[in-house]
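Both of the next two complexes hold subunit A, though its partner changes from subunit B to subunit C.
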Partner chain A sequence: MNKPLLSVRDLRVDLNTRSGVLHAVRGISFDVAPGETLCIVGESGCGKSMTSLALMDLLPRVARRSAGGITFDGQDLTRRRIAGRLRGRRMAMIFQEPMTALNPAFTIGDQMVEAYLYHVGGTRAQAVERAAQMLEKVGIGSARSRLSQYPHQLSGGLRQRVMIAMALITDPELLIADEPTTALDVTIQAQILRLLKDLQKELGLAIILITHDLGLVSRIAERVVVMYAGAIVEEGSAAEIFDRPAHPYTRALIDCIPQPGRTERGAHLGTIAGVVPSLIGPQEGCAFRDRCPVAQPRCASDIPTQQAGSHRWVCIHGGRA
Partner chain B sequence: MLPAVTLGYYITPPFMRLVRAGMIDALNTDYVRTARAKGLPARRVVFKHALRNALVPVVGLVAVQLGLLMGGSVVVESIFALDGLGYLAYQSISYRDFPVLQAVVLLLSLAYVVLTLLSDIINAWLDPRLRAA
Partner chain C sequence: MSYLLETRGLTRRFQVSQGMFRPKATLHALNGVDLRLRKGEVLGIVGESGCGKSTLAKILLNLLAPSEGTVLLDGKDIRALGRMEFTRRVQPVFQDPFSSLNPRKTIADIVTMPLRVHGIGTDAERRKRAAGIMDMVGLPARFAERYPKELSGGQRQRVAIARALVMNPDLIICDEPTSALDASVQSQILNLLMDLKRDLGLTYVFISHNLSVVEHLVDQVAVMYLGRVVELGMTAQVFDAPQHPYTRALLDSALTVAPGQGVPDIGLGTAFPNPLAIPPGCPFQPRCPRAFDLCAQVRPQPVDVAAGGAACLLTEEALRGAA
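Now for the complex of A and B:
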């Protein structure tokens, strides 16, 4: 692989809760190459959002981040000054809730222009021009008049487009998208996904797409990281993950994707039996073993990482069990 | 001086509580997170994005509190023997001067209505969602 754009080593996020320290992210490492789409997938509560917020230094106050290293284009992101210079400029983020992610008190033009003026500078007229351009780029017609509208005057799908346009206005190299389509209905979901894919090609943008929906991953990802209970359990190219999934958890997720003609009508969709274990306190052995159909007694002790080229998984079984 | 402090002491705490609660709420919103994600400096995030939304309930309280202030001034002006509208109301009651009392009450109610209207107008400016209604 050529030099990574983003490199994350041993990232941990701990949250102080009433019942003890919750280890939401438990020492994960991954790289993102320039222009690449990496999907981070896993059930809800696996620590995906905490991971993305940790990268942007946006964690809630109860959370503490530690890392062996986080670098962006070779620069040390764990240093506040450097992170402050890159955030919103060379790395941008969009969120799950398009309905609340924009400030209701300001026009979308104002909110778009403000980031551009702060990071890039120039005159207000130039910034407005750029904002209108970006709205067109994300497929919003009559961009000029849209700029003077308020968020509550737009639909959810449009707002998410505005969020994308706003995130990309400074021409960043990395976009982190945390469940960007989860709150939208299915047709709009497909449109937004298409848009992200097109923008990525056009702008040479690297994307970290975070989702609980592996079906969506198959449509966009080049590389996939599967997270379970705060840890990465499998990582590989999209082909490796979908054609030769090695980890029982990944296989269970794949089995949850509804298949036209194969999934029975009315069958229980999209869930694996059992629940994600508590993330409070340390985890001994494989966190998936209570739900794993091929678990063995030795799954209760340390699990080796297995590797075949760029394909890696954490399980006692090698490949197809 | 003392009358001002007296009245101030009486009406300030609700404001402090409301602004504090409003800011805590606003700082935890998604749009403040968006503003931070955009890399805006903390000052900008707090004073532009959070404060603007925290002010909406405060403006409503200003109207109510100014109304209370007018009522309160009846007491304060009487105690400190200040020559004001409140003292006038007090005197007109003591002397049973009903036309004057009526005028004072009418003035105060009018002021109250105007204040409420003003607060609605200011709030519509602060929060565009209130404009349609």
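Now for the complex of A and C:
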């Protein structure tokens, strides 16, 4: 792998709750190369959204971040001043619900122009020009007149296009997208994802996409990180994760979803027995062992990370157990 | 052959405010929907937001009156049935198990509520029946005295299903029953719904935007677009050989697990379906990759509820050509 654009080492997010410290992210490490798409996938509470917020320094007040190191293009993101300079400019983020991320009281033009002037500077006329250019880039016709519209005048799909245009207005190198299409209809989702992929190619953009949707991941990811209970359990290329999943959790998760053509219609779907363990307090051994069909007594002690090329998984079993 | 559920020409209009000084606009949420469902079958309803599927669910649950048309349950108009008789036979399972359960009631209270409303049995008998149903849907007996907030999303959806089943209904209307759930929980609920259908001979109307789930679970499927059924048929027919260009686009855009295949180009423009301004001719024509000049003028024939098929000028043309 060439020099990573983003490098995360031993990232932890802790939340103070009344019943104790909740470890939402438990020491995860990963790299993102320039221009690549990394998908972070997992179920509710696995820490995927906390990870993305931690990278952008947008964590809620009750959360504490600590890390062995987070570097963006060699610069130390854990230092406030450096992060402030990079965030919004060289790394941008889009969220699931574009209606709540856009300010309903301002036109989309005002909001895009403000973002540009704040991060890049220049004159207002330049900013307006750039905003219109970005709207066209994301496939919004008659861009000039759209600039004077308010968010509520746009459909969900158009709003998400505006979000993407706004995020990319500063020409960032990294885009973090947290469930960007979950609130959209499938037809609009396909269009937005194609747009993201086209823009990625055109702009050489690296994308971290956070999602729970395995189908989506299989279609757009170059590399996949699977999270469970705040930790990474498996990492690999899309082909490795979907064709040769090594961790029992990844395998079980894939079996849960009906796959047209592969799953027999009306047949029982795979399930994962039990529930996710509490994230409060320390976790000894494998967090999945209580639900795992191939668990052994030694799963309660330290679990080795196994590796085959770029494919890594945290399990006592090697590959197909 | 009689049908457990039949809708005839269901139409529902809403008056929507356009702003303080502007005249109200008419929104056609449903426009002449004909559907039929036999006992023991599962009918899937799919479509994008604004297609009218939730309005349809409300009308089928007798929570909303249609502007025109009727819903027949065993041949009788549901508006003429008493509220009590209707709710004994038809029950809902909604999308969000967080807002559909009363947070101040225990699980046992929630599940026995319909029995109390209908005055069925003594307190002890009701509790016994609730315990039996809870066991059937996979809820441990110790949950009886707990409150909804102590339960996970999947467990809450099991409570909602238990409450629906406690009256021993004929028909369950499931409106996006697994959309709020994680994949591993969704599969448990889908398995449960399939088992219950088999064991109790239940009939479902299953409304969902998740095409893989619908394909997996239902016997026949109705594809809706802007308040109309645009394609109707058996699951295998519709999913394996879709006739309507909209059905095709919808199926193509579903992101099934297929590493390396990329995101499909479905060829729909960025035009957004607006239920306030349904275009003349075929409602899908502004987005349709296969539209021709006639599509903007002539409205396709509605789908024949007996034979199924697509409401599309292309198929009408093909049929005429064959005749």
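Assume the second predicted complex is superposed on the first by the 307 of 321 C-alpha atoms of A that agree within 3 Å, B and C clash if a C-alpha of one lies under 4 Å from a C-alpha of the other, contacts with A are read in each partner's own complex, and residues count from 1 in each chain.
Please note the rule applied: a contact is a pair of C-beta atoms (placed from the backbone, for glycine too) under 8 Å apart; a residue touches a chain by one contact, two chains touch by 3 or more.
These figures come from a predicted structure and were not determined experimentally.
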Exercise. Once the structures are superposed on A, label A:L253 by its partner contacts, choosing first (subunit B), second (subunit C), both or neither.
Key: second
Quiz item: Between subunit B and subunit C, which makes contact with more of the residues in subunit A?
Solution: C
Exercise. For A:A105, select first, second, both or neither according to whether it touches subunit B, subunit C, the two together, or no partner.
Key: first
Exercise. Quick one: classify A:L6 as touching subunit B (first), subunit C (second), both or neither.
Key: neither
Quiz item: A:L193 contacts which: subunit B (first), subunit C (second), both, neither?
Solution: second
Exercise. Would you sort A:F95 into first (subunit B), second (subunit C), both or neither based on which partner it touches?
Key: first
Practice problem: Determine, under the contact definition given at the top, whether A:H212 touches first (subunit B), second (subunit C), both, or neither. | Solution: second
Quiz item: So, does A:I272 touch the first partner subunit B, the second partner subunit C, both, or neither?
Solution: second
Quiz item: Residues on subunit A in contact with subunit B in one complex and with subunit C in the other?
Solution: none
Self-check item: Partner subunit B, residues of subunit A touching it in the complex
Solution: 56, 58, 84, 86-89, 92-93, 95, 97, 100-106, 114-115, 118-119, 150, 152, 163, 166-167
Quiz item: Of all residues in subunit A, which touch subunit C in the complex?
Solution: 43-44, 139-141, 155-158, 185-191, 193-194, 197, 212-216, 218-220, 238-239, 241-243, 252-261, 263, 265-266, 268-272, 275
Quiz item: Within the complex, which stretch of subunit C touches subunit A?
Solution: 48-49, 152-153, 182-184, 186-188, 190-191, 194, 209, 211-213, 215-217, 235-236, 239, 249-250, 252-266, 268, 270, 272
Exercise. Using the touch definition up top, name the residues of subunit B that touch subunit A in the complex.
Key: 29-31, 33-41, 44, 49, 52-53, 126-129
